[in-house]
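Below, chain A partners chain B and then partners chain C, in two separate complexes.
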Partner chain A sequence: MTSLLDSIFSVEFLFAVLRVSTPLIFPALGVAITAMSGNINIGLEGIMLIAAFTGVIVSIYTESLMLALLAGVASGIFFGAALGYFHLKLKADIILAAVALNFLASGLTIFLLIVITGGRNTSALRSLTFPSFSIPLLRSIPILGPVLSGHNIMTYVAFLSVLVYYIVMFKTPLGLRIRAVGQNPDAARSVGIDVDRVKLYALMISGVFGALGGLYLSMGYVSWFSRDMVAGRGFIAVAAATMGSNLSLGTLLGSMLFGLVNTLTIYIASLDIPSDLVQSIPYLATVIVLAVYSARNFAPRKRRAAHRRRQRAQAHGKDT
Partner chain B sequence: MGTILSIRDLWKIYPNGTIANQDVSVDIEQGSVHAIVGENGAGKTTLMKVVFGITQPKSGSISLRGKPFAPSQPSDAIQAGVGMVHQHLMLAPELTVAENIVLGVEPKNAGVFFDFDAAVRTARDISEQYQLSVPVDKRIDELPVGTRQRVEILKALYRNAELLILDEPTAVLTPQETDILFQTLDRLKEQGKTIVFISHKLKEVKRIADTVTIMRAAKVVETRAAEELTIEAIAERMVGHKIDLSRVPAPEQVGAARLSVRNLCMTRDDGVQAVKNVSFEVAGGEILGVAGVEGNGQTELVRALVGLLPVDSGEILVGSSDIASLSPKEIRHLGVSHIPEDRMEDGVAPLMSIQENIIVDRYDKPAFSTRLRIFWKKVLAHTVGLITDYRVRAGSPKHEISSLSGGNIQKCVVARELSADPDVVVASQPTRGVDIGSWEHLHSLIVEARDRGRAVFLVSADLDEILKLSTRIIVMYDGEIVARFDDASKVTATDLGPYMLGVKRQEADSAAVSA
Partner chain C sequence: MKRILMLAVAGLILVSGISFAGGGQEAASDSTRILLYLNGTRGDQSFFDSASRGIEIVSQQFDVETRIVEGGYDSSAWQPDLAQLAGGGWDIIIAGTWQLAEYVQDLAVQYPETTFIVYDTSVDYSAGDFSNVYSILYSQNEGSFIVGALAGMLTASDLDRARSGNTIGFIGGMDIPVINDFRVGFEQGARQVNPNVRILAAYVGNFNDPARGKELALAQIEQGADVIFAAAGESGLGALEAAGEQNVFSIGVDSDQYMLLRDSQPNIAAAVVTSMLKNVDNSVVYAIERYLDGTLAIGQAELLGIREDGVGIARNENFERIVPQAMIDELDRLIEMIDAGEIVVDTAIGQ
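Coming up: the complex of A and B.
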C-alpha cells in the first residue's frame, strides 16, 4: 500500500495523468461544442476510431506525418458532416445516427485492417508517431519541469485546443450563433440564422477535435492500430463535457478528472486486486460523478437546503 | 404614399387541418400604423408569420413594394426590410441583452472576432435612441418578461426594418413603457416606416393606429380608417357584444386568512435584494391585487409563494402550514394553484398535447389513473369539458398545445389552474394576451372562485384588471410594499401612479389607508 501511495505522489504519476487525459480532452471538446449547439454527440467514439485508423494507414503508405494528420482530420470532419447529413437533412434521431456510425466505424476499420494485413498480426502495422517535445526553459524547473515537459506534442495541442475552443465559442460570431442555436433555435431562426448550417458546423468542428484525439491514440499514445482501440473514451468524453457544463475550463477539468481515475486504475492494477474490478473503476466513477452532478441541480433540493441553512442560522442566533 | 405590402386571397391551412387564414386580403399603406385586431385564434399571428417567412401559405399572393414576395425563411424577409417582434419572445436565455440584439449581424474585430464591447455600445446607443431602457450586459434569463419584451423591440429596430410587425408588443409593458413605445412608433412613422400592430388592448389601437383590420374566424371582417371606429364599435365587431369595464362588486363576506406572508426577504442570484420585508394576508373570499411596475419584486415573490424560489427569511403560511421547505407539488397539494406570468416557460410543456398539459397536475388522481395506467378516455372527456367551459378555440385535445394561438394557450393554463379548485389562487398576469371577450370571461371565472370562498392573489401589469377585480390593493416598488388600500372600490389609476413610480410612499407603520 505504501508503495502505491509513493508511486501516486510521484512525478511519473502526474506525468501519466496528463498523458492519459489527452485522448479524453479532445473528444470532450467535440462533445462540448455540439452540446452548445443543442445536440448530444455520442459519435465521438466512431470519429476517433476512424481517424486513428486513417492516420496509421496514411502514415505507413506515405511515410508523411503531415499527410497522416491531414487525412485523419479530414476523415473526422467527413464523419461529423455525415452525422449532420443524417440528422439534419434526413431527420434521423441524432443518437440513433451516432450509434449507427459508431458501429460502422468499428466494423469498417476491422474489415479494412484484415484486407490490408491479409489477416496477419495487426501490430505488424507500425505507424509513424508524433514526436515528443521537451520545453527548453520549463524542463529545468524542479518537479514542474518533469511533469509538464517531454510530452507528446499532441498533449500540448490538446491544451491549446481548450484555448481554441474558448476563443471560437466566446469570441467569434460563429460561437455566439452556436450558443444561440443551442439555447433557442426559434430565436436564432427569427434573426435569419440558418440553424441547420450552424449545427452542421458544430458537428464538423467536433469531428476535428475527435480526429485529433483518435490520431493521438494510434500515433502517440501507442504506435499501431488495433480493433476498437478507442475503448469507450468517446463516451467518457460525454460525461466529462457535461460535468464541465460544456465550458472550456470545465471540460478540461472534467476530462482530467477522468484521466486521473484512469491513471489510478493503471497503478492499482499492479496490486493484488481482481482486474475486472479494477477495470470497472473508471465507469463507476463516471456514474457516481454524473449522479452527484445532476443531484446538485435539482431545484426542490436547493430550496430545502436554503431552508435548512436558514434554520441553522436562526438556531445559532438564539444560542448566542 | 402608396401600398407597401399587399396580401391577396391568402389561405393558410396547418398540417393538422386548422384553417388559420381563409381568403385574406389586406393592403398596408407605406408610412402608416396598421392595426390588426381579432379574437384569440382569429389568425393574426399566422398571417404575420407568413409575411415574415416562418410559415408558407397554401395559396394566395403577397407583394412588397409592388414586387411579388414569397419569403421561404425569415432571412428572406429580413433582407427585404421586414422586421418582426414575436408574440412569444424569441431570445436566447443565456446570452446577454447586447448579444441577443446583435445576433445575426454581429460587429467584428479584425474581421474574425466577435466584438463584444462594440455590441454593448451599439445596444446602449439604440436603447438610448429609442428610449427603451434595458440592462445591456445582463443575461436574458435574469430579466423580467417586460424587459425582455423591450429587448425584442430593440432587436427589430436595430435591424432597421422598413416594415415593422409588432405582435402584441404591449401585452407585458407598463402603461409608461407603452407610452414611450408609442412615441417611438410615432417617430418611426415620421421617418416613413410602416408598422403593423397587433393588440387586444383597444385603447392602444385607437391611440396609435391609422387603419384597423378586424379579423374573425380566419377571415377579414373589415378594414377601415381608425377614426371611423370607436373602441366600442371595434369590440362589438370582434366579439359580437358589448364589453363591460365596470368594477366587480365587493365580496359579500370575507373569511379567515388563507395565505399569510410575514417579513419575507429574498435575494436574487446576482445579490440584489428582490423582496424586502414583505408582509400581507389574503383571506378566503377576497382578491388581493398587486399593482406595480413589473420588475419590482413581484416575479420573485410569486415564485416563492409557489415553491419555485428559496427565500432568505420570513414565513409563508398556507392555512397554518409553513411552505418554506416544500416542493411545488407539495404546495399544490395544500391547495395552491399558480397561473404563471410566462405561459410558455412555466405554464405549459409546448410540445405535448393539450390534454397532457391539462392533467399534469392531476394525472395521479384516482379519477384519471391507477398506478399502472392512465384512463385516456376520461382525460379526453375532462379536457373537452374544460375547453368548452373556458372557451378555448382548439381543434382536438390531442393537438400539440403550441399549435394553439397565444391567447388560447393562456386559457388552457387558466382552465387547469382554476379547475383544480384551489384554496389559494396565485395568478400572475392571468389574462395576458387574451382577447377582450375572453378577458371578461376569465374575470367572471376568477370572481366565481372568489365567491366560492377562495383566496386570490392577483399580480397584473394591467391596471384595468387590478382595479376591476381587486377587493384590496397593495403597491410594490423596489421590492417593498409602499402602499396598501383596504377598499379598492375607492381607488383610481391616478391614485396608484405615484406609488408605482416610487415618488410617493405611505409611512411604513401607518395603518392602511383608504384613499
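Coming up: the complex of A and C.
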C-alpha cells in the first residue's frame, strides 16, 4: 500500500496523467467547437479511428511523418465535412449520422486493413511515430521539469491546441460567428450569417482535432493500428467537454480530470480490488462531477429566476 | 452487348454452381473426407495457420482427403458458408473459436452423419443432442503455469533485463473465467519456483485498447515488475511494447508472438522471452488420429493440456538466447511433473 502511495505521488504518475490525457484533450476540443456551434458531435470516436488508420498506412507507404500527419488530418476534415453534409444538407439527425459514421469507421478500417495487409496480423505493420521532445530549460526545474519535459510532441500539440481553440473561438470573426450560430441561429441568420456554412466549418475543425487525437494513439502511444483501438475515448471526450462548458480551459481541465482518474485506476488496478469496481471509477467520477456541476449551476439560475420574478412584480406594482 | 455480357455471367454462375455441387458429391473414394473451415484467412501466424498446419500433417500421415476453406473476416458470411459446406457430405468438419460454436450447434443437429470438431471452444452439450460434436479445449492454466515458473525464475535472476524487485506482472483482457484461468496458472507456477515473488495483476477491461494495455504495463514496471505476461489480445500488444521500451521481459500468448513481431517490431520482439502457445495443430492431429482409431470421444468436450501437447511454450531463438540452460532444465522438470500428475494446476473455469 505504501509503495502504491509512493508511486501515485511520483513524477512518473503525473507524467502518465499527461500522457493519458492527451488522446482525450484533442477530441474534447472537437466536441467543444461543434457544441459551440449548436451541434452535439459524438462522431469523434470514428474520426479518431479513421485518422489513426490513415496515418499509419500513409507513414508506411511514404515513410514521411509529415505526409502521414497531413493525410490523417485531411481524413479527419473529410469525415467531419461528411458528417456536416449528412446533417446540414440531407437533414439527417446528427446523432444518428454520427453513430453511422462510427460504425462505418470501425468496419471500413478493418476492411481496408485486410485488403492492404492480406489479412495478416495487424502488428505486422510498423508505423512511424511522432518523436518525444525534451524541453531544455524546463527540464532542469526540479519535480515540474521531469513531469512536463520529455513527452511525445503530440502532448505539447494538445496543450497548444487548447490555446488555438481559445484564440479561434474568442479572438476571430469565425469564432464569433460560431458562437452566434450556436446561441441563436435565427438572430445570426438575420444579420446575414450563413448558418449551415458556419456549422460545417465547426465540424471540419472538430475533424482536425479528432484526427490529431487518433494520430497520437496509433503513432505516438503505440506504433501500429489495431481494430477499434480508440476504445471509447471519443465518447469520454463528450463528457469532458460538457464538464468544461465547452470553454477552452474548462475542456482542458475536464479532459485532464478524466486523464487523472484513468491513470489512478491504472495504478490501483494491480491491487486486490475487484476489477469491475476499478473500471467503473471513471464513470462514477463522471456522474459525480456532472451532478456537482449541475447542482452548482442550477442554484444561481433559480436565484436569478426568483430575482427576475421579483423585479417584474415590482415593475407591475409601479404601473398600477 | 450488355445482354450478352449478362448471359455470359449467368452462364458462368450456373457452371460454377454445378461444379461446386458436383464437388460436394464426389464421395466415391473410401478415404475419410475432412474439411477445415477458417473464420478468417491463413497467414495470421496464429490460430488459423496452426489449424491449417494440423490439417497438412494429417493429410500426409493418413489416407484422408482434406480441404481448407478460408471464410475471411466478414462474420456475416460464416454461417451461410458453413451451412453450404455442411451439405457437402464431409465426414469431419472442423471449425474453431467461440464465434462458430453456435452455428455448429445448429448444423450438428441437421447433419447427424457428419462429425463436427470445434477447437478453443465447446458447444453447449446441455442444450441439445450433440453426440456428433467433439470439442477441444486447451488447458491454458497448465501452459500459464510453465510461463509463470519461467517468470518466477527470471525475476530472481541476474539476467540483463531482470531488476531487483522480485516482482512480476499479469495483464488480462477482462476479468472472466477463461482469462483468470491464465492468471491462476501463472501465479501458481511463479510461486512454485519462487514462493516470495510479488505478483501484480490487472485487467484492461477489453481486448482492443493497446494504449491502456501499455499504460497498465508501464505502471506495473514502475511498481517493480520485470516480467510481464499479457493475455489480452490486441490490448496485450501494448503491454509487450511497454516491456520492450522499459527493457524488461515480456511473455506472449496463444501464438509465438516473438516470431510475429520479429521483423516488424524488433525492439518489442527482443523482450518477448517466450509465449504460452495453444497448439491447435497438435490438437487437430490428435483428434483425427483418434477418430481414425475409433477412440475419439465424440459427443464430449476434451481438455488438452501439456500431456496431450495441447498447450506449450515457444522455444524459439530468442528463448534459447535469453534463458539459461538451468532454467530450461527446471521447466522441463515441471512439465514432466504435470505430465505425471505430480503437480495439479488450479483452474478458474467452472468455479
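Keep this in mind: the second predicted complex is superposed on the first by the 298 of 320 C-alpha atoms of A that agree within 3 Å, B and C clash if a C-alpha of one lies under 4 Å from a C-alpha of the other, contacts with A are read in each partner's own complex, and residues count from 1 in each chain.
Rule of thumb we're sticking to: a residue touches a chain if its C-beta (ideal position, glycine included) is under 8 Å from a C-beta of that chain, and two chains touch if they have at least 3 such contacts.
Since the structure is predicted, the reported quantities are computational estimates derived from the model, not experimental observations.
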| task | Could you say whether A:126 touches chain B, chain C, both of them, or neither, answering first, second, both or neither? | result | second
| With the two structures laid over each other on chain A, which partner does A:110 touch: chain B (first), chain C (second), both, or neither? | second
| request: Please work out whether A:64 is in contact with chain B alone, chain C alone, both, or neither, and reply first, second, both or neither. | output: neither
| note | Winner on chain A touched-residue count between chain B and chain C: chain C
| query | Once the shared chain is lined up, is A:266 touching chain B (first), chain C (second), both, or neither of them? | reply | second
| Is A:172 contacted by the first partner chain B, the second partner chain C, both or neither? | first
| message | Which partner chains sit in contact with A:186 here, chain B, chain C, both or neither? Use first/second/both/neither. | response | first
| query | If you stack the two complexes on chain A, which partner ends up touching A:228: first (chain B), second (chain C), both, or neither? | reply | second
| note | Listed in rising order, the residues of chain A that touch chain B in the complex are 167, 171-173, 175-177, 179-180, 183-184, 186-194, 299-300, 302-308, 310
| task | Sort out for me which residues of chain A touch chain C in the complex. | result | 3-4, 7, 10, 12-13, 16, 19-20, 23, 110, 114, 118-126, 217, 221-224, 226-229, 231, 263, 266-267, 269-270, 274-276, 279
| remark: So, in the complex, the side of chain B touching chain A is made of residues 52, 54, 73-75, 78-79, 84, 86, 90-95, 99-100, 103-106, 108, 112-114, 116, 155, 159, 307-313, 324-325, 327-328
| query | If you look only at chain C, which of its residues touch chain A in the complex? | reply | 40-46, 72-73, 169, 175, 200-203, 205-206, 208-212, 214-216, 218-220, 222-224, 234, 237-238, 241, 260-261, 263-265
